[in-house]
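Listed after this line are the structures, all set down as structure tokens.
One chain, subunit A, appears in both complexes that follow, with subunit B as partner in the first and subunit C in the second.
== the complex of A and B ==
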């Protein structure tokens, strides 16, 4: 089984309302029973309620896998970077510190790293990952590129990120403005001193005539 | 890569050669070597070569090499003496007792422990027998007494027909029962757990269980044949058993079983992490909070550079710093020169902040009319 190539993950942190639905749903996933792998991070808890849902971005050249001394992290042919292979992981924590997105988590009691694997039990048979199934604002969307482009006329996906001098390409996309000049990538480290901005958000989630965002994807 | 392969081949040849020498020495110039087991012997020699080859290749990867070096530095330092108690505790509780696997689930722990100790028992019996390091001989004048000879030296006697001899001569049966119990539990999980079913691979997860099952069953059939069936089909069963064992030995270096040799590295890693924790914490350049030991962060930065990653933040020059300092009276990241100096929670926050900054720039002229991300 493999995740179908035409199905992609689209993350739009600016739509996140911090409801924690994704966190609860994530812990229901069968590949990491009872543990939520998604991070719902506060951008700056002291001054803002802005939240950032962070899932594994499934890098094409995963830093976590490259720095793993036990060679425990594998990327399957469908581009999904799997959780650490249990027999091999020696719980060194290199992956936790190396991931540019801050995704992997180390469970010291189990001597094991676990991370988001895009709900492989679901996505590998064409179903949406748990978080995308429940996200009420579609900050987490799983579907085809055509679907996301049709329901987000102002946005476009990008899967290239910059961290200092390093550019990372991922299987998961983040939504950026479609308006020209279109950003070629998301420069994460350029936000080193950014602060959350006060904004007004109106989310056109429920709107007749649009595709049903909660429908299972047909393959 | 060619240079690394040559080095690994040399290591493999040395290890296999040492084992061959030990076989000759231990069997007293092959005097006690059982020629019927020669197939097993060559399979173990190949396995020794393969395991050493793969181990050497593995240790030449930058992150593995770094932890290997750091682990030994701690082990040969004075700190090792201070941590000897914790090292022994980890070896007993985690390695021998499989505590960390029981933490993942009782049945998973029970399955692994059963398989592990079954395999250890079987290996402890068969390998010395195959290599001629151990054999039994009848005591002259005492036909009911067996003498155990190890490396050519007498190492104890026991009565034939006693409980001890029954337990010893059926050691592989007990090992098979342990292995089969564990394999059944493991197969059960792989059949009913959706997560395991989705992520498992035949070669990596299922084949090892099939091989262990085949070895155990064919081995027990040998006992059944000579105990209750007057040796019926014993020759066929012996060949069948040999095929399953030899295939497993040949496959040992390449598949899941390699973790048997790789996994003890966790003890060295744990010792190094303990030592590094004592040496001081690295503080995040953004939030100023400690997030990891400084030594581990430093080593990881080195490893990333060796692997060709360029997380240096040279692009964030004075212009960026000046801009970001406005309105806050301070620049929180002015000293960050490598992304590794940023803690994971701050990385996650940066991800969201960078995206929202793009939207802020895009909608600035029309903030009043449209909202970011809205359909």
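== the complex of A and C ==
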């Protein structure tokens, strides 16, 4: 059993409405003991309503596996980075510290690292992962590249991310707007004035081969 | 007398709300069967499959084939299965007994029915038939809603029945009937994809109707511009194209100003207006009083944004207008609705492809529950209880003399005023928790204490149920079958997954048993929900909400049927196999009211423009109470929380209400995020934690309403009502806020959900 190669995960944080449906659905699964493996947090609730869903990005060269001293994290041939193997995991937390996306978490009560395995029990038999099935805004989408390109003409998938000198390629894609996005609405008062005063927040994109700085943040 | 039988905390200890276990069953547990049905929370009615084993719902599986939601669910849908085998579930009838722990003792079901019937007899003999009131709910199946209306008028012979849709759908319903002659959205949601502009007024879609979000996002992918009108930056507003930060209660002014600007720039369709509508001149004249500067001043929205809205809306070739309680929960709620309709009609796009208009229903059966007679002035088929021909037809279906049918009653809030005046002495309530959900609810609780008999029929003991004399154990949604009508006007089928536990009964059986014990069983001897539906089909036939062509089989084969659905061709009278009406108002379409004269449901086939007047809200901000309080939902809770405040993971997601307040205002008041703060209105005060954000107007605070007692937003709200729809003005009243001296007393005693 393997996740079919033509099925991919696409995450679009601009669609996320923070409803926690993904978290609640993920916690239904007992392969990870009813803990939600997806992280959904407000970027900064005091100043925005933006929420960010984070699933495991399933890296081609998983940093978590590279730093694991017990060789407990395996990437299967279908590109899915599996959760830590219980007999091997020593709960050292190296993976938690090393993952650039902040995905793995240590469950001290179980002396075990657990993380998203793309609902391997479902996706390896051709079903969608639970979070992507229920997501009401489809910020989490699971399907083919052709589908996403046809239904989401305003954005494009990217799967290369730069952290300092490290560039990471992942099995999971993030949707990036094709055009410069509108400034986000952060404060009601900015919309109450005759002159717009939106604070803007823009992220650069690592394009294929283009040396763009990853995160140029202007506030 | 229906005062509380014991200290409320004792009742809470015994009957909850307690939280369900955080997780039950295992995903690897093989269910015996998957039952295709719908979520019980909200008017979207997402398709869902319940996993059933040993007469217990053990989990869920998304239902990806159902066309509306294609497997998508919000957190309530994901966790709805946890309500089934909840420890608080009522499995027996209860009788008030101050000596019992919790103030109630279980009694045999048959004994409870006898007691209730003999009390009803006593009260009706002493005070007359009208001394009894019935309260229904818009989360009930259409069969139950229909049956309650019939039960009140035929069995109890009282005019006094109303339902909690009074707090929900009535402004939209009244506005739609005044403008279109029919109360339904124009088109399926899928028509949104490909439209040019979507204007959402007063609806926090992301939290109140989450599945609609994907339709809007998909429309945006195809180029639609999104306009959001709300005092808060809701999740959908965050990335919208135009955000209108309207001051609470000023919506009608906004619509008038925008329409005036459209008229001035000739961004309206005169030809459509002349052909398909009447009454535009008076609206045009009214709007003239709303130039941009005045509109901006009254609404708190800058002129640049109002102009942009007018231009986006006016110049578009296709469009959708959606609204919800944000503009409807006002003492001029019907005018607000008519204001949106004026914009829609003036645009000349209604009935054309990729264009539509509609209200987003809130309750599970917000649409079906408001069509078939549990409303005080209504009979099945969306008929009017004051119109002689309507009365005659329904009386003939019910086998009674038209003269014996009571006339119109009063709205749900007015029923409490009648209790207060001593005119109503007994109340039977199903699926309605007014002690949490009605405004100024201290008054409501006091009124309950004046009743001689209060009998709730429910599956949990609600906060209102604590005032009961007898409680009859009813059924959860998954314990019965029936139909509901969802947001698009699509009639769908709820399927039974499990049987009622213990002595709990399906609600229509309880109604039948009371009728029998009263010695008036005629018309209430149904053997199944299907039998009730078959009668409802006949009762609705010929009405505007015509269900006569719908069968359970047709619903299942077609994944829902849009009403009106005729058994006989309205044009020829010949029997037909009609598949329903997904789109109404299409130019050239035939309907039985207009008889071909036009697409709207009036004899001349034309839509009505109505002057949509702005009025300052009742209890507006003043020097004494300088801020606006507005209320609403959060995504993890539903209505008065009777169900969702018992589901552990949903409680964890949003445990207790907070006062949402802008950082600028909070700073002025010396309140930091997480501090205890006091919100006071002319009705009362609440102490809650503050949530300091920049996503709300600095002159407005928001409190969600799902909690009871010392956490109840409706302790603060004003019981002012729209003169036509009688909807309460939940969305605005004057308040003031200050930092609290310390934690409130309840914090040490109650769990978050209690």
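Definition applied: the second predicted complex is superposed on the first by the 177 of 219 C-alpha atoms of A that agree within 3 Å, B and C clash if a C-alpha of one lies under 4 Å from a C-alpha of the other, contacts with A are read in each partner's own complex, and residues count from 1 in each chain.
The criterion applied here is as follows: a residue touches a chain if its C-beta (ideal position, glycine included) is under 8 Å from a C-beta of that chain, and two chains touch if they have at least 3 such contacts.
Worth saying up front: this structure is predicted, and the values here are computed from it rather than measured.
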Query raised in the report: Now for A:47: first (subunit B), second (subunit C), both, or neither, which partner does it touch?
Result: second
Query raised in the report: After lining up the shared chain so the two structures overlap, which partner does A:136 touch, if you call subunit B first and subunit C second: first, second, both or neither?
Result: second
Query - First, second, both or neither for A:91, with subunit B first and subunit C second - result: first
Report task. Answer with first, second, both or neither: which of subunit B and subunit C does A:189 touch in the superposed model? Result -> both
Requested in this report: See if subunit A has more residues touched by subunit B or by subunit C, and give me that chain.
Outcome: B
Requested in this report: Once the structures are superposed on A, label A:28 by its partner contacts, choosing first (subunit B), second (subunit C), both or neither.
Outcome: second
Report task. Answer with first, second, both or neither: which of subunit B and subunit C does A:156 touch in the superposed model? Result -> neither
Requested in this report: Check the residue A:14 against both partner chains and state whether it touches subunit B (first), subunit C (second), both, or neither.
Outcome: both
Requested in this report: Using the superposition described at the top, list the residues of subunit A that contact subunit B and also contact subunit C.
Outcome: 14-16, 29-31, 50-51, 121, 151-154, 186-189, 191-194, 196
Requested in this report: Spell out the part of subunit C that touches subunit A in their complex, as residue ranges.
Outcome: 22-23, 26-28, 59-60, 62, 64, 69, 71-75, 77-79, 206-207, 210-211, 213-214, 217-218, 220-222, 231-241, 243-245, 300-305, 635-636, 649-650, 653, 662-664, 673, 691-698
Report task. Spell out the part of subunit B that touches subunit A in their complex, as residue ranges. Result -> 58, 61, 63-64, 66-68, 94, 100-101, 103-104, 193-195, 197-199, 204, 256, 259, 262-263, 265-266, 269-270, 273, 286, 292, 296-297, 300, 303-304, 307, 309-316, 320-321, 323-325, 328, 331-333, 336, 338-340, 343-363, 370-375
**Report entry** List of subunit A residues in touch with subunit B within their complex
**Finding:** 1, 12-16, 29-33, 39, 41-44, 50-52, 54, 63, 66-71, 82-83, 85-88, 90-94, 96-103, 107, 109-112, 117, 120-121, 124-125, 151-155, 162-166, 174-177, 179, 183, 186-197, 199-204, 207, 210
Query raised in the report: Inside the complex, what are the residues of subunit A that reach subunit C?
Result: 14-21, 23-25, 27-31, 34, 45-51, 121, 128, 130, 133-138, 151-154, 181-182, 184-189, 191-194, 196
